[in-house]
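Here chain A shows up in two complexes: once beside chain B, once beside chain C.
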Partner chain A sequence: MSKSVTDVICPFCGTLCDDLEVIVSDDGKKIEDIYNACAIGAEKFMHAQAPERVKRPRMQQPDGSYKEVSYDEAVEYTARMLFNAKKPLMYGWSSTSCEAQSVGHEIAEKVGAIVDNTATVCHGTTLIAVQDVGIPSCTLGEIKNRADRIIFWGCNPCHAHPRHQSRYSVFPRGFFTNKGHMNRKVIVVDPRVTDTAKLADYHYQVEQGRDYELLSAFRVALRNEPLPETVAGIPREKIIEGAEVMKSGRFGIIFFGMGVTQSLSKNHNIDNAIMLTKDLNEFTKFSIMAMRGHYNVTGSGQVLGWQFGYPFSVDLSRGFARYNPGETSSNDLLRRGEVDAVFVLGSDPGAHFPISSVKKIAELPSVCVDPHITPTSEISKLHVPVAFVGVEVGGNCYRMDNVPIEARKVVDPPEGVLTDVEFLTRVNARLDQLMGGK
Partner chain B sequence: MAKLKLNLITGRTIHQGVAMEGGKEKDAYTKACGIIEMDPSDLKKLGIWKGTNVRVTSEWGSVVVKAVEATQGPHPGLAYIPMGPWANSVVNPKTYSTGMPTFKGVPIEVEPAINEPVLSSIQLVQKKCRGEA
Partner chain C sequence: METVTITMKNQPKLYLEADNISPDKFAGKKASEIAALHAYEGREQTTLGKYFEIAGEGGATAADTRIVVKGDVSRVKYIGMKMSAGEVLVEQSPDMYTGAWMQGGKLIVKGSVDSFAGIGMKGGEFLVEGNAGDYLGAAYRGDWRGMQGGLIRVKGNAGSDIGYFMNGGTIIVHGNSDVHVGTHMEGGRIIVKGNAPSKVGGQMVGGEIFVYGTIDVMMPGFKYVQDEEVEVDGEKALFALYHGDTGERHPKRKGQIVYGKLYLKI
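For the complex of A and B:
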């Protein structure tokens, strides 16, 4: 007889859906079916069951092939690599639990490493902007219950956060939004006619990279000041109409994504978006929220924040925490050749960093801790497979609105496979021995 | 051979997400991400059918991907490669002191490369790291 596990957290995107139902075989070892998840979330649960999954650490051989080694050898290699390195980079942390992040930070402090998370290639510029101008934000629950003006700026939740709109932002019926979609006006700003744009009431097909101009134009329109005929490819009338729609709502929210954080102007785009939110608060209630990608990248920022004071790119190599994006951020460090070892956990820079940075990782002593085979694992000197957080082990995670949610364990990991926390704890203990208790 | 100058953006698609979670070493990942979404008018300008392999070159690198018709268009002049090693072979790695490479708004040149294969993610990254591709 199969049994059903309810209220399961989905460990894929920052929406952190908490209503999944997973059907598990009677012995608690096999996932048979998944309800309520999006296509990506369902695939994540099913892939944990893949027969070809790597179950023991693998060490790269001189000819480029991989040889299976024991967890003891993997712990030894990792501890020695970090111990011998002058300035190791410890990157990732977004696809794991806050508990694992905390052990990782303890190690980083000990060896004088740089800790960076995936925000560095996703919402790092947002964090810089928040430090510059602050952020008026809210929770997703408030949006579901109150928001009647929804703006998606440079983000495409239909693809990247598939259940965001049905759970929180567009379709659900909330306390003050009892007609669901009918209560809301949706504005999408994107250079493509994305699937999100197709369901919007207003789509602004902005010229790529001209978000700063358009944000400024909305702020000008709110002040009733004159505008040029077109801004960023959008006619003046449409901008004024958009500003009126925003003003006339009772509660508005701007969701923004990689379209603004990764295009030129970067953090200045977000500065301006936050200032637009501030301006809109002169007329009505408005909030702004980053569409965080990994399910626990927000958690990594939180844990780094309360332990060291900075949310990403934290340099501990001098014995105290420093933070200077552009200097202490992964891609800059790698490209300039300033690190001498790379430890990756819960991320895949091999696939998601520019190739010039990936080449540097391949040249250095490197460890990749990841349940999957990834481009990173296939260029690292050591690949350590671990249990899937949120599937085979629980742990604390933070949703995109900074709400902590406890992920649940659904099935047992394959026999003998360690969790992130177990592996890191063993590396930490071995480092203590190597350092002679100092 | 004709060459076409376009503006490249990269990002998530749901197919990329599903294929990524299904295993980056698999064929499905190459099919989902080893592509370039182009506007039909740009395909016409280049004189190729959809489904043709093309070489994408920028100041920072070069990669072979399959040209497909834009699913979220029209967006003439704009090209889209889903995030992954193929896109990252050509993106602008400069962070301008923000830590963030410029993944969107990369000037590229596209030319037909009918006889060149689209490499798998692992092959592509390993070859690039060895300096073979």
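For the complex of A and C:
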């Protein structure tokens, strides 16, 4: 007999679906099936069962092979590396719980590290813009129940957030949107004809790198000022029509992703999109929301925010928090050679960073804490496997709309495998000993 | 005027944060006292004397103090930070934050400067003979009051985001600039004597931008007004005047809407 665990949180993307049903074997050790999850979410649960999973820390040998070591040795290596470094980088934090992040930050403060999360190559530019001009936002529940103008700007939820449209943004029937997608008009702005663009009522095929101009053009149209014949490859009439569609809604929402945050203009794109949202509030109710990627990258920003005042790229090397992406962001630090040790937890810079940064990680003393074998674990001196948050251990996570949701434990981790919190707590205790209680 | 010469002798392994290299900090100090001033390499607090050979002594006040920085300072940040008077001459190329929050005096860099040079500048004169990086004369992150006064002159090219949130003062770039000139600008004057590719004056509220070369893609919110003869950097020339950014808020003065002004050389 198998038993079913309901209302499971999916630890994959920022949509943080909370309606999964997991079928677990009677002894509570094996996951047999998953219902309601998207293909990627289901794979995340099944991957925890993989027979080839690494269950003990591994130390890289001079010839490139790996030697299994104990958790004690792994704690010792990590603590000594952080203790000896003048300016270590502690990167990742987006695929773990807020509890683990908090312990990590305690360590970072002790050793004068730089704490950076995956926002640095993702929605960090959004956070810069929010700091510059503020943000009028809402929750996904409000969107489901009220929104009738949905704009996807530079994002492709069909592939990146597979259940976003069915749960919140396009198809669900809400309190004031009882006809589901018949109530809603969908605008997609993307240079490519993506699967999201295919289901849109209006697709603006903007020229690459000209989002800033198009956002400005919408703002000009809202103020009835003259526009050039075409802006960013879009004819004037279509821009004015789009502005009218946005104005005529009862509740509108702009979702945006990497297409605007990491293309030319970066934070200025978001800055202008937020100002467009503000302008639209002269006519109707409008909100804007970032399509956050990792399931708890928002949580990392939250925890860093309340502990140090900045949401990413926090430099604690001089004992107080400083923040300036461009200087204290991971890629700049690595490429310029500003750090002398790298600690990675809950992310995979080996796969996401430019090769010039990845080479630096390979040269420096480095620790990778990750349940999987990843490009980062393969170039790090030490790989520490841990339990999967949201599968084998619970913990707090933040959804893309800044709503905290407690992830649930479904099965036990393999015997002897530590959780992120347990490993970090042991490193923290060892650092206390090394520093002599200072 | 007394001159202090500091020469790089030991390169830092990481980067050196040397916010004490300024006439205000050197004034009234002997060479040995200057050598004992703090600097930071990562989390380690060290002294300037560990990295620099120091000769001469500071004048009685900042205004009487001249600093000459010799040697390779490409790994030294914050030279001339918050200086209020006196003179600093850097013979080679320093790293980030050169002349950041500068309030007065004269700062000359013979080489190039990296990003965030002259951010939040309030006064004084800052001359760069080489190129400048990104965020020249911009606001610090999150601050809506950027450069307020003073003059920055770059003989070479500048990076992107120059004069971000600029409120006053003048930035002159003799070469080309990258994208985003004077974004969110509210006052002051930016002069680019070369080309500026695109996004010039985006979200501009007030102030003046002059471009002598070409702009590949204009922002949609700029409307042509008239041709005007204006005196810029000591010489008169004819410019086409555009008002903008019409997508942005604009205050009224004496019943007239105040626009940002973009001048393109004819």
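The definition used in the following text is that the second predicted complex is superposed on the first by the 438 of 438 C-alpha atoms of A that agree within 3 Å, B and C clash if a C-alpha of one lies under 4 Å from a C-alpha of the other, contacts with A are read in each partner's own complex, and residues count from 1 in each chain.
Convention: contacts are C-beta pairs under 8 Å (C-beta built on N, C-alpha and C of every residue); 3 or more make two chains touch, one makes a residue touch a chain.
Small disclaimer: the values here were computed from a predicted structure and weren't measured.
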| item | value |
| --- | --- |
| Contacts of A:Lys238 with chain B and chain C, given as first, second, both or neither | neither |
| Partner chain in contact with A:Pro226 - chain B first, chain C second, else both or neither | second |
| Of chain B and chain C, the chain that contacts the larger number of chain A residues | B |
| Which superposed partner A:His372 touches (first chain B, second chain C, both, neither) | first |
| Which of chain B and chain C A:Ile128 touches, first, second, both or neither | both |
| Partner chain(s) touched by A:Gly326 [first = chain B, second = chain C, both, neither] | both |
| First, second, both or neither for A:Arg56, with chain B first and chain C second | neither |
| First (chain B), second (chain C), both or neither touched by A:Leu264 | both |
| Touched partner set for A:Arg80, first chain B, second chain C, both or neither | neither |
| Touching partner for A:His181 - first (chain B), second (chain C), both, neither | neither |
| Shared chain A surface residues [contacts with chain B and with chain C] | 128, 264, 325-327 |
| Interface residues, chain B side, partner chain A - complex | 7, 9, 11-14, 17-18, 20-25, 60-61, 70, 72-75, 78, 80, 83-85, 88-89, 91-93, 95-105, 121-122, 124-126, 128-129 |
| In the complex with chain A, residue positions of chain C that touch it | 13-15, 17, 40-44, 96, 115-116, 134-135, 140-142, 144, 165, 179-180, 183-184, 198-199, 202-203, 217-221, 223, 245-248 |
| Chain C partner contacts - residues on chain A that touch it in the complex | 85-87, 111-112, 128, 131-132, 210, 212-213, 216-220, 222-223, 225-228, 231, 264-265, 268, 271-272, 275, 279, 317-319, 323-327, 336-340 |
| Footprint of chain B on chain A - complex, ascending | 12, 39-40, 43-44, 46-47, 50, 52, 64, 120-121, 124-125, 128, 156, 158-160, 162, 191-195, 197, 205, 208-209, 258-259, 261-264, 266-267, 293, 312-313, 325-327, 329-332, 335, 348, 350-359, 362-363, 372-375, 378-379 |
